[in-house]
Amino acid sequence: MGAAQSFRELCDRTKNTNVRLSLPAVCIVWQTAMIILFGVFIRYNEESDTHWVEYRKENNLSDIQNDFYFRYPSFQDVHVMIFVGFGFLMTFLQRYSFGAVGFNFLIAAFGLQWALLMQGWFHSLDYTDGKIKIGVENLINADFCVAGCLIAYGAVLGKVSPVQLLVLTLFGITLFAVEEYIILDLIHAKDAGGSMVIHTFGGYYGLSISWMLYRPNLDQSNRLQSSVYHSDVFAMIGTLFLWMFWPSFNSAITDHGDGQHRAAINTYLALASTVLTTVAVSSLFQKHGKLDMVHIQNSTLAGGVAVGTAAEFMLMPYGSLIVGFCCGIISTLGYIFLTPFMEKYLKIQDTCGIHNLHAMPGVIGGIVGAITAAAATESVYGAEGLRNTFDFEGEFADRSTSKQGGHQAAGLCVAICFGVGGGILVGFILRLPIWGDPADDNCFNDEPYWELPEDEEVVPPMLHYNNHMHNKEIDFHTDWTISHS
Amino acid sequence: MGAAQSFRELCDRTKNTNVRLSLPAVCIVWQTAMIILFGVFIRYNEESDTHWVEYRKENNLSDIQNDFYFRYPSFQDVHVMIFVGFGFLMTFLQRYSFGAVGFNFLIAAFGLQWALLMQGWFHSLDYTDGKIKIGVENLINADFCVAGCLIAYGAVLGKVSPVQLLVLTLFGITLFAVEEYIILDLIHAKDAGGSMVIHTFGGYYGLSISWMLYRPNLDQSNRLQSSVYHSDVFAMIGTLFLWMFWPSFNSAITDHGDGQHRAAINTYLALASTVLTTVAVSSLFQKHGKLDMVHIQNSTLAGGVAVGTAAEFMLMPYGSLIVGFCCGIISTLGYIFLTPFMEKYLKIQDTCGIHNLHAMPGVIGGIVGAITAAAATESVYGAEGLRNTFDFEGEFADRSTSKQGGHQAAGLCVAICFGVGGGILVGFILRLPIWGDPADDNCFNDEPYWELPEDEEVVPPMLHYNNHMHNKEIDFHTDWTISHS
Amino acid sequence: MGAAQSFRELCDRTKNTNVRLSLPAVCIVWQTAMIILFGVFIRYNEESDTHWVEYRKENNLSDIQNDFYFRYPSFQDVHVMIFVGFGFLMTFLQRYSFGAVGFNFLIAAFGLQWALLMQGWFHSLDYTDGKIKIGVENLINADFCVAGCLIAYGAVLGKVSPVQLLVLTLFGITLFAVEEYIILDLIHAKDAGGSMVIHTFGGYYGLSISWMLYRPNLDQSNRLQSSVYHSDVFAMIGTLFLWMFWPSFNSAITDHGDGQHRAAINTYLALASTVLTTVAVSSLFQKHGKLDMVHIQNSTLAGGVAVGTAAEFMLMPYGSLIVGFCCGIISTLGYIFLTPFMEKYLKIQDTCGIHNLHAMPGVIGGIVGAITAAAATESVYGAEGLRNTFDFEGEFADRSTSKQGGHQAAGLCVAICFGVGGGILVGFILRLPIWGDPADDNCFNDEPYWELPEDEEVVPPMLHYNNHMHNKEIDFHTDWTISHS
């Protein structure tokens, strides 16, 4: 224990990571604010209110036609992606699993409440009584909104304090809601799976923040910025749940009937072909053709991101396969070449490589969406189908598909701008020396923010010792400190 | 190996944990009894029987209106909570993961069969032919019934034999079915998510058993009554699946339509706010403000327990947040102050702290339910909505909401009485020296009941052994000692 | 690190496991072929096409009656079984978790695309335009088809290269589609959960391949052909998700309404009783009555396999329990006696014991199906129910149930023949010395095909060393080799 003790003290000297006041304060105050705001603004909508019985009879509906039964299974899948998917995907670091799962849990739980309010004001406000009326679709959208911030977390994983993450989330959700309103309502672009709204925004938001928080001496934490065998297996739990449930993600809020059906099929296919090209490139660029777990854990998901926008369009099964094919290659190459380049020359330290998994595929998804929309014809969609798919109704009744394509592209630009601009702004705020972030030699480590079980805490350095040195005499304390300095 | 060998022999000498005859005997005999009883009593109901085709046409229904499509997705989520949720939540101990997941699996698999019979006799008996007619709702209720026993398992985790657990389950299910019948049918209290029926009963049932099985020398197993890094990560799998699917748990058997919809929303919100207050209190009471995994793994779930009863009422979104807010605080404080107090002064050893996660929040849930019911007004619910929500039909047609509130409170008392009383009774039975439970110095250890992989098997005893050896020569063993003392 | 290095070089010398050219080539070429074939053949069906809006109105349907809402929740559960269930079930080996999850991921992702084509040509070809029209049911069937190959993978786990697995899958899917067409369409046997089509075929397919690839010196890899504590816990994730979602597997493509409802209930019950008998036998045959994780991980699933065919019939709840009861016993005994026997005398090395989990229970399931079908009477099923359940329509309108029983048995034979025959054929191909499979002393090891994290690679031997010797001087190289030879 003495060793661990002195080590902790060492850290505390170099930088104060004590969040004993700030973290509880932020949690309590913000949660209290949520309660007040919910009290003032949020009510049940007609499908989750006890008046549904009357509503149902007036509209001659069956209970099964309550939106709950159209969307709840997808909602639960999305929920799993947010908490287990994102959470475990980030457990790959050998000593940051608590932070990965735990902080992901914390910011998602706060984010979804704030998202219900922000998105509610923009989309679900009932002007008759000034209340936000929520149902299952709002819950899904709140989870989507949170996803943007969890993506950003991936870029700064292990380098920030929980308080910083909460700030990142507060601003991230706010920016998201505005950006989403502009893209979906004003520009009237379609983005069912959020290639633009969620992944492009979230990706660039996180990368800009990471750029603002650049740590020149991060290499002092190199020993911990790697995985161990079982942490890679834990990460595969996240990968697989994201991969399996992505069809639900992209189809969760699409039109009832064929819309959800088609979006699920397209996503299922895109993801399948991504896996093969990821494996191909991963093997091709490693010595002895060995596969790299980083690629399998991340790039296999790129296809799901890239069909996000076009999933509900008539992308055609082969179209989905092509999108997945390209993204598997691009994303894996990104991990091999781009990530090191960005760190070295652009000063962007991207722990999880979100640029390869979210930002790039998100942009591709936006472009694919624009092209597919512009190419849509009545002969393929059918008159009514075309109208339904692109919501050419009301003020947009006479919009042409080519015009729609242009608006899709415009939406993509908005997402990028909000991501970069918002990230720089928030990054500036997070640079204030008040947030209790870890020292450069103590990143990727659960030790500053978590009570760790004793024995495990001691094992890794000891192994290091036996690895790297051939010293005959053995004094536990010595080699312990050696291995850590 | 020598160390492990002698260590094992030591255990075997002190107490006989050999269940080679008792365990197979109980499993085979009880399973055979199930087959016979199912043969005599259990049949398919009209929605799972081949006659559904005719039934459907007579009642002019569509296939999609089969209860299966209303409830099956929720059932599957509940099923995951029972087997993965409860199972993995208990894997946090460094050397009891097999027992946690494996015995949870065993008793749940037995319990759900016995529950189908017990609950069937009380609720689904068709008096025309004396058969129990089952459908998906019965499966959900069986899983609920099992949950009560799994909660109780949490209190005695690591201190009992699988045979004792099966006995605990047999009586637990029986008591549950009676208690449930009294509360739901006779008292006509509502308890959709089982705050009273499941959590309060299960919690006090387990605590009373643990009190009856008090082990004064349990500290001899201290070295194993802690987690290691990756066992805490495994436990988070359980936590997250419980947390994510809790909305399905509380909405699984509520009314079709708005009932299920509203229950899911309320639970989703209550759980979200619990996470923030849990983090706040956990950080506030640890030195350096570090988070404790025990709190994150358990207290974050308290909100789901506490909205169990009121989830289907018009609790309002802010009401759910308030309930979650309070429970996160109370549950975490419970882990910090109450659990040690109970062990020291009340002689209740509660391995998983079920008092903080289930018993207390369950009671709170019962009270919240009583208040919400008493406060229900026709202006909020609508005449028909009020009738539907509280089933004011038949003999209860003219019950007032204030009267309903009183009956809710009465139901809570019944749950507590059955839990405590039943626990003392069963605890008395489990104290018989015939069950093969482990010695005080061999608790929280998979070794007595599981064939363990070789190399892993050697580590803990070695640590133990080296801890107690005071060897002068400095070799690997001694550093271990240092690192542990 | 030198040690690991030299060890790697050693392997590479003895046998070339470099797949740097073959693996990428196969992935890229085959995926490209898929894109072309999908472009030529595959389109959306009327329920996933934008024309659904018109279709729906013509047929006076509600959106909720789109097949998507009948099957999507089951599909997602099946999807989880394929990728997490099968993948993690095979992570039990101490050093083959990457291969287990990763290669399972790879071949499933390829297999489902090829399955959509193969099954499509046989079942979903629209003769008006020569296109295969796909919807959610096709996705489920593709996952089913893949399951057959994943079962086969279990027999050769750790002994083949990823390229061999892809070849195994290509032929496996092809054989599956033909066999399925003969059994379901020509013979008109019913097999909802695929006891025959999936498990019997897949089981014997894998066993025959393993027999063809017999390795007399496999004992050189003994040190790695065992689990460690946490790899067994990882495997339980797979076990539980398979166990929990099996009701969805067996009910995923059964008739709407009572068909799905009944299949889920039967599977739920069969699996429950399997757990108890598995525990009983496992304890009965181990010294000190200790449970063996291998049995808990695998035999507890046998009941789900064995009710696969009869799940949609009126098997009756007690009938399901009986099937599960027997299979738990037979499967566990298989692991204890049959697997060693097969390896020693039949030269069949079955890594995961698929003979006990899939082949045998599959055959039992086929027999149960035949008997249940032959015993079906109009008094039990009802005239219309009988017709619906067995699809006695069109050319089969006047088939008797006894005749149906005979055809079920015939179907079982076809499955066995295709499995054995196909396995021998494919095994012959896989024996070509071009596939980069590992040497006998390097099986069950991720090292040949995966970049492994450094330190973990060193852990196990070191523990061994410190256990077995009390030698003062530490020469890393020595003890490394000692502990491994």
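As written, the chains take the letters A, B and C, and residue 1 is the first residue of each chain.
The rule is simple: a residue touches a chain if its C-beta (ideal position, glycine included) is under 8 Å from a C-beta of that chain, and two chains touch if they have at least 3 such contacts.
Which chain is which protein? Per UniProt: A, B, C = Ammonium transporter AmtB-like domain-containing protein.
Since we're looking at a predicted model, the values are computed, not measured.
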item: Those chains which touch chain B and also touch chain A; value: C
item: Chain C against chain A, contact positions shared by both copies (same if over half, else different); value: different
item: Averaged-CA centre spacing for the pair chain C and chain A, given as whole angstrom; value: 32
item: Residues within chain C bordering two or more other chains; value: 62, 64, 69, 73, 230, 237, 474
item: Complex contact set, residues of chain C against chain B; value: 62, 64-65, 69-70, 73-74, 77, 94, 226-233, 236-237, 240-241, 243-245, 247-248, 256-258, 260-262, 264-265, 268-269, 271-273, 275-277, 279-281, 283-284, 286, 288-293, 296, 300, 314, 316-318, 321-322, 325, 380-382, 384-386, 388-389, 460, 463-464, 466-468, 470, 472, 474
item: Chain C partner contacts - residues on chain B that touch it in the complex; value: 1, 12, 17-21, 23-24, 27-28, 30-32, 34-36, 38-39, 42-44, 47-54, 56, 62-64, 66-69, 72-73, 76, 79-80, 83-84, 87-88, 91, 95, 97-98, 101-102, 105-106, 109-110, 112-113, 134-136, 139, 162, 230, 234, 237, 448-459, 462, 473, 475-477
